[in-house]
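Letters A, B, C and D name the chains as they come in the text, with residue numbers starting at 1 for each one.
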Amino acid sequence: MKKIGIVGATGYTGVELLRILATHSGVSVNQVTSRSHAGSRVDAMFPNLRGYIDLEFSQPDIDKLSACDLVFFATPNGIAMQSSKPLLDNGVKVIDLAADYRIKDLSVWEKWYGMQHTTPELVESAVYGLPEIYREQIKTARLVANPGCYPTAVTLGLLPLLEKIDSLIADCKSGASGAGRKANVGTLLSEASGNFKAYAVDGHRHQPEIAQTLSTLAGKAVDLTFVPHLLPMIRGIHATLYTRLDSTQDIQDLYEKQYSNEPFVDVMPIGSHPETRSVKGSNVCRISPHRPGDGKQVVILSVIDNLVKGAAGQAVQNMNLMLGLDETQGLMTPAFLP
Amino acid sequence: MKKIGIVGATGYTGVELLRILATHSGVSVNQVTSRSHAGSRVDAMFPNLRGYIDLEFSQPDIDKLSACDLVFFATPNGIAMQSSKPLLDNGVKVIDLAADYRIKDLSVWEKWYGMQHTTPELVESAVYGLPEIYREQIKTARLVANPGCYPTAVTLGLLPLLEKIDSLIADCKSGASGAGRKANVGTLLSEASGNFKAYAVDGHRHQPEIAQTLSTLAGKAVDLTFVPHLLPMIRGIHATLYTRLDSTQDIQDLYEKQYSNEPFVDVMPIGSHPETRSVKGSNVCRISPHRPGDGKQVVILSVIDNLVKGAAGQAVQNMNLMLGLDETQGLMTPAFLP
Amino acid sequence: MKKIGIVGATGYTGVELLRILATHSGVSVNQVTSRSHAGSRVDAMFPNLRGYIDLEFSQPDIDKLSACDLVFFATPNGIAMQSSKPLLDNGVKVIDLAADYRIKDLSVWEKWYGMQHTTPELVESAVYGLPEIYREQIKTARLVANPGCYPTAVTLGLLPLLEKIDSLIADCKSGASGAGRKANVGTLLSEASGNFKAYAVDGHRHQPEIAQTLSTLAGKAVDLTFVPHLLPMIRGIHATLYTRLDSTQDIQDLYEKQYSNEPFVDVMPIGSHPETRSVKGSNVCRISPHRPGDGKQVVILSVIDNLVKGAAGQAVQNMNLMLGLDETQGLMTPAFLP
Amino acid sequence: MKKIGIVGATGYTGVELLRILATHSGVSVNQVTSRSHAGSRVDAMFPNLRGYIDLEFSQPDIDKLSACDLVFFATPNGIAMQSSKPLLDNGVKVIDLAADYRIKDLSVWEKWYGMQHTTPELVESAVYGLPEIYREQIKTARLVANPGCYPTAVTLGLLPLLEKIDSLIADCKSGASGAGRKANVGTLLSEASGNFKAYAVDGHRHQPEIAQTLSTLAGKAVDLTFVPHLLPMIRGIHATLYTRLDSTQDIQDLYEKQYSNEPFVDVMPIGSHPETRSVKGSNVCRISPHRPGDGKQVVILSVIDNLVKGAAGQAVQNMNLMLGLDETQGLMTPAFLP
């Protein structure tokens, strides 16, 4: 039984990690830290965990965390980069669910995240935790940068087409849990329900993250327009992806071949419209490529649960790979419908 | 054209006042104050008002507000009691949408609101702004305490039965806008949507307010159990009221007679189940009394829009009465359905 | 591996049974029937089951269903009573999730369900499937009447007080999935979201079901007022229960003792307000008893997921008992939050 | 006072027409027809209209309707084309809120609507009721084809750019009321809330309607990709429009000039993200054009209330023009927020 620590588990990615790990037969959660809630029971904050997680939040402590085999950082941006090094030095594996290690170009990272990076050397060695691309590297990684939610949905949706395209539009929609569990007027029920809007049209942090992956894989700069929107619901990301293909390639076949062996990518039957609820609570990305009127315009629909395949579920998938467990362990549950 | 000021108009009762007054032909809004947003345009915060309210938030200033005929306080509890006196002394009429002047017994008020009252003399002279009971007093009042949202729905629902009952249960449900427009984890969309819960079962500030009105009218202490719940939606209060009647009184007839001349209380056809959406955006309270199986148990259903008849709409109704305008002016619009 | 059949699995209790059974290690689902969808894949209708349920809907066929160890009826009222007998005669155990076998008094049943019962002899032998009361009988039952959703929440909420009370009020609120997955104007998103209402105040089928259980246990007629309401959300029931107690009994202690060994009833810490989301997707009923102001009035809060402990989860709990499996098998997953 | 009839007023566009016309000072609603509900009160179906509309639904009758100055058809597609002619012959003006007269090319219409047109001669004479383009023609029209909801949001969003573009993508999202008030599994609250999906990616009826207007105005074929999505909320359309501009045109200036005199198109301040709730219940289209990174890619955000500017409100705007009333009469109310 591998020992797991979670730093900063009072947010939505934290409680989702706890929900998934509570029934994972290969690991046990030993440490759950929170500076602000140290000393109070985890299940007092999250009553759904009553009977499953018998722990109190503790102060983050490198020594205690070093008794773990692997530590998740479910913290705001800028925390993991300050605490990962001593853990890694003590032989603990680390997965950061925030953005500290996702962007290789430090100047880009510092521009978008508005702070100076304190451990640039770790950025270089960190592996980007998208198993459908970097599975082999993740297996031996000591430090994994868990991808952002939008980048997961968009990258998986475009991966099979990468060699064939130059210019991309990603019109993305996310549930409000993507904004986290912090007091904020904009995501109050009275502000965000019964409402829909775009945001950050003129630039969003996930644009360079997606562009980095796509450009690296394509071997050339990719021109990506990324527009996020806020959905009046809790969970789910829907990416509607637009590009043009000159060839008459059978894209359904292309997608099915790309993902035929992937346990967590489901290419739907031809002509499908994947719904976000079809992945609610599950680690699956469901995709359906379309070519309206058999023209050059291609429209790809890609859905994930932003808290699972877009965060905690993917982190557990990475953990399984890093700890030599079965990649799907603890993650084989159907989505929650209705 | 009467001149109106609104103090503290950045919350939901404030924007709802502005929405209603924007098309009111008898008054003009001259002053809209906010300490935190002074200098910024009102319609930058509330784009629905673009083209209707051409004002900036200003610092609250007694001299400038004294140029108004009437000032609304749409402020948190404890603000109106500090600023009403100089306005009243300058001949300005005042309506407080908060709770500062609702409770006559100061010790009760101070216990529930956790502060000392700074103008007890005004509490005595303030009129409780429920026109269906205190219409004549409101017409000549200089200071009106606008009722709470739950008290409006419950009091109107029980008024016709007052002489006949001793013991009451009010099981009430409110939309999240009742909690206001302040950053707060508990009313985030991700916390409050898809969810339902009771709160404050062991005591809520609106219990003594309701009990005061009912006991005063009944001429004896009324035993009231009040349990509020939070609904996963923005607007609406539904009060389900339980009491027992020994007589075989025809309660439908009783209710219809009580409210036959009231412009904003609608007794529905017998056997109805009023929906909160049937009053969304309107100043109406819809009521349906039931007597299941013709037994002694009585169940009364009463619905209002918490921001209209439960706050801003009722305040405008009071304003109309205080300024000698037609009571219904600016308030005759159908509810918003669907 | 026990073999399971599900008759009529195109509704919400059906898909929820499939979701739960998909990861249950002690049984396999062999037959899923639907007259209207025979021949089409189950996971075409419910894509969340892709990769978990590799079956087509088939025509209901007594011979094929007789190869199962146990058959669930997830059908409308009036179906199970026509098909259970041949299955029982063939040695198949049966759980009916509808109401055909819940009410012992046939005249009451026929009045509320508007049809004549075709197998009255089975009504007598059927066991009411509330394990917290009838566990031992369920273990040896051949035919179990799975309780209604409201009755589960109300009965568990009142059970510890039964000997002490005469008169009860159950103010209950349910998510829209309780109305089922059939085309219906009243539960369209555009009708039911952003809205709240009571319904069936003058009489609802679940009233006699609850009264039957409570009266049987109390050994006397119980006077129950039951008022259901429709919540603008998918899942969850919240029962707010009112009664009066003359004694000074410590009710928190009473509830904790009653349920100390129950795997699926969680008495929350004193003063709690259980939220419906704290049981979303789980088989738990969370309860908190209150006594405001330490008076005679008692308020009990009881929440369940109407599709799990209120339907499919409880049915699986009953199945486990009937098949000699561990009672909690397949049901130990934390609720889904946020 | 002009006399108005509404044919088929039991759907959402019908009740919205009634809500708007209830307070319109220039017209009175004399006839409200419904085959299925003839004889029952309008306010029994729509209690929000109690006190505002004192009418029963009647059987549609050409003679009685001919006493009106103008008749709205708020019927399903294919009804208006059968009944408009006798009304027009009797001198009654007609506005069809369905699609019968929107598409000039009958073969296109018949392909998409799956029926043969019964009055092709009227198609030719009908004016497309988008006042921002066809105001002068509408003023003298006898028959107006009220535009579809998506076409209104998309066409107004693209109009200022028409001369400069060839290829367009319209990624559109609509609330569920766009699907109408008919019993349907797909738009049940339990199916459509907490969920998001695209639909009709391979072809939707509104694509040819939009393309017809844009191509006519541009004087050349426009290549339009149109992808609609279903939002988990009642009202609102958000169009996210993508095109590329070679010039360095100041698009904010372009939009402001285009719409400077339009009462119902609001170009927001530069850099805005219009929210659907900012137009809820109002007849306004709010637009914000963006050019991320000052590149060639242009992103225009356009929002309307699908039932108001996308249906009933625009129909009243057309009615005002056709009857010689002030274009804005009855339509000057702020949106409903929160």
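The rule is short, and it goes like this: a residue touches a chain if its C-beta (ideal position, glycine included) is under 8 Å from a C-beta of that chain, and two chains touch if they have at least 3 such contacts.
Keep in mind that what you see is a predicted model, and the values were worked out from it rather than measured.
Pairs A-C and C-D differ in how many C-beta pairs touch across them, and the larger number is found at A-C. The most distant chain from chain D, with centres taken as the mean of CA atoms, is C. As a whole-number value, the distance joining the C-alpha centres of chain A and chain C reads 36 Å. Rounded to a whole number, the gap between the C-alpha centres of chain C and chain D is 45 angstrom. In chain B, the positions touching at least two other chains are 12, 177, 181, 190-191, 193-194, 232-235, 274-275, 277, 280, 338. Within the complex formed with chain B, the chain A residues making contact are 12, 175-177, 179, 181-185, 187-194, 232-234.
If you check the complex, the residues on chain B that touch chain D are 12, 15, 18-19, 22-23, 44, 46-52, 177, 181, 194, 234-235, 266, 268-269, 274-275, 277-282, 284, 286, 332-338. The part of chain A that touches chain D in the complex is made up of residues 169, 171, 173, 190-191, 193-199, 201-203, 225, 227, 229, 231-236, 238, 240, 242, 271, 273-277, 280, 290, 292-293, 297, 299, 301, 303, 338.
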